[in-house]
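Below are the structure tokens for one structure; questions will follow.
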Amino acid sequence: MPYIDIQIFEGRDEEKKQRLVSAITKDVSEILEIDPEGITIAITEYKQENWASGGVLFSKKNYQVK
Amino acid sequence: MPYIDIQIFEGRDEEKKQRLVSAITKDVSEILEIDPEGITIAITEYKQENWASGGVLFSKKNYQVK
Amino acid sequence: MPYIDIQIFEGRDEEKKQRLVSAITKDVSEILEIDPEGITIAITEYKQENWASGGVLFSKKNYQVK
Amino acid sequence: MPYIDIQIFEGRDEEKKQRLVSAITKDVSEILEIDPEGITIAITEYKQENWASGGVLFSKKNYQVK
Amino acid sequence: MPYIDIQIFEGRDEEKKQRLVSAITKDVSEILEIDPEGITIAITEYKQENWASGGVLFSKKNYQVK
Amino acid sequence: MPYIDIQIFEGRDEEKKQRLVSAITKDVSEILEIDPEGITIAITEYKQENWASGGVLFSKKNYQVK
């Protein structure tokens, strides 16, 4: 505890994911005064055809994952 | 907001997913009086060996995804 | 199956929730060709101080739930 | 109802998953006095590069899935 | 890891919840050969007016939580 | 997109939550090169009797939320 689920588009490499969990763990640990060892982060990756806003799938928009 | 997560079996094509998010976005927008642009939908796809009811995986039942 | 989780702000009454699950069940049943009895919908309600976009909690914005 | 989501690392075969849903369904049915047919279990599988504790991805630790 | 989310109706007391997490932790530990200390369980409680099957809220059915 | 769900124990005030979403939004925006406006964060609060590790509810441990 805490448990954090981050939902992103697929396409980021392991180093970017590592930077992400490192930064978020540090912030959560400091702000909530929690031992980093107790912080769990799950990354859930979505294809653009499995995510929509405004009623339109992202696979039908011009969206670039960096 | 709102955020909607739809958990389905894998096997539907992009057009079926587009019809699904289009219809649900329209429903939610009308009933909750929300701008469609604020409505996010995630589609999470499961294999039949990762879903169970009555203590039995769907991969062990005779279940057809249409 | 399917299982659908709708995350909304608190403040809607039972009749509005009933209209919401009724409309979504009908759409999902028709588009995915599934018996309505197999469709489960969970409504998860959030306080405005538990939801943020752009790094700002909704409790700090001027947002009206209808 | 109930709906149970089990998040594990990928790499278990169908028989292990079947034993898992069978045991959990039996326990939940007995303890909550619920018909097993009403119990749904979803298994969500993660790669080790999508799960972190202590700010470090499991793909960077020496972790063995049995 | 693993992380397990159990979604139930509200109304069970702490002892029933303790029996539930104890039994599920034992199941998962034995079948997946995992140290129980690594197993996290979240219980998410729903009101009957926030859960539907067949397009009808449970608050509108005759459903008894034991 | 992305959508982030943070599961914490109840008991933090609005200012602590605001600092949390502000820091995480900044992290995610910088590392994934995403406009902060596209980042959604949900905070889901749990009672200690609804969270367990090692098969024991936190309400039965000596755990302090700061």
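For clarity, chains are labelled A, B, C, D, E and F in written order, and residue numbers in each chain start from 1.
We adopt the following convention: contacts are C-beta pairs under 8 Å (C-beta built on N, C-alpha and C of every residue); 3 or more make two chains touch, one makes a residue touch a chain.
Every value quoted in this text rests on a predicted model; they were computed, and no experiment measured them.
Set against one another, C-D and A-B show the most C-beta pairs in contact at A-B. Separating the centre of chain D from that of chain E, both taken as means of CA atoms, is a distance of 13 Å. Between chain C and chain F, the centres computed from C-alpha atoms are 21 Å apart.
Distance between chain centres (mean CA atoms), chain A to chain C: 22 Å. For chain E, residues that reach two or more other chains under the stated contact definition are 1, 3, 7, 40, 42, 44, 46, 51, 53. Inter-chain contacts occur between A-B, A-D, A-E, A-F, B-C, B-D, B-F, C-D, C-E, C-F, D-E, E-F. Within the complex, the chain B residues that touch chain D are 7, 44, 46, 49-57, 59-60.
The residues of chain E lying in touch with chain A in their complex are 1, 3, 40, 42. For chain E in complex with chain D, the residues that touch the partner chain are 1-9, 12, 16, 19-20, 23-24, 27-28, 31-34, 46, 51, 53, 58, 66. Of all the residues in chain D, the ones that touch chain B in their complex are 14, 17-18, 21-22, 25-26, 29, 36-37, 39-45.
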